[in-house]
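Have a look at the structure below before the remarks.
In order of appearance the chains are A, B and C, and numbering begins at 1 in each one.
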C-alpha cells in the first residue's frame, strides 16, 4: 500500500474529515462560526477535557480505565480552594497565588496512586476500583469542605487570569483579529498533550505502556515491570486530573463540592474513544485524542449558535459518539475510501 | 439455591422487629434542600436555625447529593419514619413527590414548600413560603436593566432550564412589561436562551448570544448560575462598557464582578428570612396560634405582619433587594 | 459432587487434591460475603437509628430501588456473558417518556404500554447491533447509547413532566400478603431468572460464553444469538421497569432513573458477579439489592450526611470486590 494510503487509513484521518465537514456545515449556516473569535471559544471549551483525556488515554492504552477522574478533579480543586479560602485564618498570611497548581497536582497524584495500588496489589479490575473511588473521593470532597462552595472572591485573580490572559494578545485596534489571544490554560493543555506524546513515543516507559496493553501476559516476559508501570499510569492520570482541577477553578472561578468535575469522566472517555483509543488496550495516539477533544468542542460550541435547544443536545452528543464509532470501524477496515460506500 | 434466596429474604423479614414510632416533645422541623453543596441553602438554613433557637424547636437540614427530580423521595420517607412534625422542602420537581408528600400529610405532618412551589400541584402541600411576590420579579428586573442601558437597545435573557417554572413566570412578566409599558418601548428583547443552570452550558449560550447579536447591549439572567456565567464572559472579553449584565445573583458569587465594574447592579431577596418565616409559621400552626387559611395574618419578629395569600402562599418581602457597589459588603450570603 | 462421594471413590478423582468439605463449598462463596454484609448492615442500621428496624418501612423503601433491582437481575446475566450494558437506566427514561407521551396524546393505556415495551426492545436491539453485529466493545457502545437514549427522552418530553392518569398511579401501594407489588415482582423474577441461569442449558451456555467465548463457539454454542437474546431481554425489562417507575411517581420526566446504571452495576458487583464475565449468580444480585437498600435507607433515616453515604458505598464496593476476588482465587483454581 502506498504511503498516502497508509496515512488515510489512519484513525486520525477519519476524525479530521469529521471536524472539517462539521465546521463547513455549521459555517455555511452561521458564517460567524468560522471566525477567530469562535476558534477562541472552542479552544476555551477544551482544556480541561484535553488534560483529562491525556491521562485517560494512557490508562486505556494500558488496558485499564479510570472512572474516578471527575471526583479527583473535584477533590484536588477543593483542597486548593480551601487553601486559598483559609490560608489567612490558618497560617496568618496569604499563600502565593501559584501554590494551588502544584498542590492540586500533588493531591491528584496521591489519589491516582491509591487507585493504582488497589488495582495492582489486589489484582482488581480497574473499572470497579475506580467506580468505588469515584464515590469515595466525591464523598471525601463533601466532608473536607463541609459541603460549602468556595466562591469567586477566594480564587486568586492570577489563577482566574490564566483563562483570559495570554503571553501575547493582538492589540485591540489591530485591523485583523483585534484582541485575539490564546489563553494560558489552552496553551497549558496543548503543552500537556505534547509532553504526553514525547513521553509515550520516545521514552522506554512510554513504549512499555503500549506493550502491557497489547499483551499483558507477554509483557513481564519481556522484562517489563508491570506493577510499576501500572501504578505510574494511574498516578499520572490522577496528577493530570488534579491539574484539570485547578484549571477548573481558573476557568469557572469557583469550586463546588457537588458540581465540580461531576460527569467529567464521561466527557473525557467520549473524547478519547472518538479519538480512536481502543478500549481493549495497546492502541491510541495523542494526535487522535486531541482531535477527538476538538471535535467535541466544535459540537458544544456550534449547538447554541445554531439555536438548537438544550433539550436536543444530549441526543446529538450520543449520536456523535455512535457515528464516530462507526466511522472508526470503517476507516480501520477499508481506509478512507470505505466511507464513500457507507454514505452511498 | 433459589429456595435459599427466598428463605434468606423471608428470614430477613422475620429478623426485623417492628420499630415503635417515637413521639418527642419539642417540635421537630426538617428542611430538605435541593442538593448539598448549594450555597443558596446555607442562608435559608441559617434562618431556620436562628428561629428554632428562639422557639425551642429541633431543626435539621438534609439534602440529596444531586438535584434530580426523584432524589428527595427517600429523604421524605425517612423523615416520615423518624416522626418529624414539619417537613419543609425546596422541591426538585413540581409533581414527582405528590404521592409521598400525601403520605406525610396523612400522618399529620405539616408540609411546607419553601423557596419554590409545587406549581400546579399546590394541593399536595399545606403552605408555601416564597421570598417575594413573584409577579414583581419580572418588572423589577426590566426596570433595573432599563436604568443600566438608558432604556434603549437590544437585550436578551439567559435563563435556567426551558421548563423552570419560576423563571418562566418571571420571563413572561418581563415580556409583558416590555410590551405594555411605553417607558420601555425602545428596548427590544431579541432572544431567550437557556443555560440549564450549568456554568459550562450557560457560558456557551452567552458566547453564542454575543456572536449572534453583535448589537446586544444587555443580558438579564434571572438565575444565580446564569448571571455569574454571563458576568464572567463579559469580564473575560473586557466588554463591560458595551454589554450590561444583570439578573438574580448571590452577593457572595457576584461580589468580585461588582467590585471590578463588570456588573453594576443585580437583585435578589433574603434567603435567610425565608427560613426564619417558615420556622415561625410552622411553630404557630402546630401550636394552634396561627390558622393556616387564605387571608389570615400573623406577626413574625423582624418581618412584621405576614398575610397568607392565595393558595396559602406567603412572602417575606414586597420588592426585590438591589445590590450594587454601595451595599454589597453589607451582605454575607 | 460432595465430599462424601469424593472420599468413597478416590480412584475416579485421579489423585486430585482432596475435595473441600461441604461446609466450605457452601460458605466460601461470594454470596455468603454479601449475606454477612447484609446482616451487618441491618445491625448497624438499627444501632444508628431507632426508626430503622421496621419491616414495613424497609419494604416500602425497597420499592424506591425495586425498578433498578429488577433490571440488575438481567444485567447480571449480561455481565456473566462477558458484556455490559450501561444504557438500561436511560432506556427506562426513554420508554417511560414514550409511554407517557403516547397516553397523553390519547392512546389507550394498554396500547401505550405495549409501544413503550417495544421501544425498549428496539433500544436493546440497537445495542445488540453495535456490539454483536459490528463487534464494538459494549462498554463504549452503551456509554454512547446511554447519552443518546436519555437525550431522545429529553427531546420527547423536554424539561416538562408528563402526568399519568390517577388510576394508573401507585403500583408500590398495591400489597400482596403485605408486600408491595414491585418487591413481589422482583422476587418472582429472581426465582425465574435464577432457574434459567442455574438450571437450563441456555444458562450454562451463558457462563461458557463469558468464560471463553471463542471456546464456546467452537463447542457449538451460538454465542451471537444468546447475546442478542440477552440484550433484547434487558431492553424489554428496562422498559417495563421504566413504566413501573412512571406508576410509582405519577409523572415522567427525562431524568427518570438518572444515574441508575451505576446502582445496577453496583448491585451486580456487590453480589459477586465477576466484571469480566463467567462468574456470578442471581442469588448474589438478589442479596446485594437488599444490602444496598438496607445501607442507603439506614443511613438516610439516621440523617447521615450524603457525603458519608457516598464514602460508605465506595468502600463497600471495593471491599466486596477484594473479598470476591479472594474467594474465587481460593475456590476456583
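What we mean here is this: a residue touches a chain if its C-beta (ideal position, glycine included) is under 8 Å from a C-beta of that chain, and two chains touch if they have at least 3 such contacts.
These numbers were taken from a predicted model, which means no experiment stands behind them.
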Contact graph of the chains (line, ring, star, complete, other): complete
More contacts between chains, B-C or A-B: B-C
Mean-CA-position distance for chain B and chain A (Å): 34
Whole-Å gap separating chain B and chain C, where each centre is the average of the chain's CA atoms: 36
Residues of chain B touching at least two other chains: 36, 65-66, 161-162
Two or more partner chains touched - positions in chain A: 138, 142, 147, 257, 311
For chain C, residues contacting two or more additional chains: 158-159, 305-307, 309-310
Partner chain B, residues of chain C touching it in the complex: 35, 38, 42, 46, 49-61, 64, 158-161, 163, 169-170, 173, 187, 190-191, 194-195, 198, 248-251, 253, 255-256, 258-259, 281-283, 286-287, 290, 296-297, 300-301, 303, 305-307, 309-310
Footprint of chain B on chain A - complex, ascending: 30, 32, 37-38, 41, 45, 138, 142, 145, 147-149, 151-153, 163-164, 179, 252-254, 256-259, 300-301, 303-305, 307, 309-311
Complex contact set, residues of chain A against chain C: 65, 118, 122-125, 127-129, 131-143, 147, 257, 266, 269-270, 273, 279-280, 311-319, 321-322, 325-326, 329
Of all residues in chain C, those that touch chain A in their complex: 130, 134-137, 139-141, 143-152, 154-155, 158-159, 254, 262, 265-266, 269, 275-276, 305-318, 321-322, 325
Complex interface listing, chain B residues touching chain C: 1-2, 4-6, 8-9, 12-13, 15-22, 36, 60, 62-66, 68-70, 73-75, 77-78, 81-83, 93-96, 98-99, 161-164
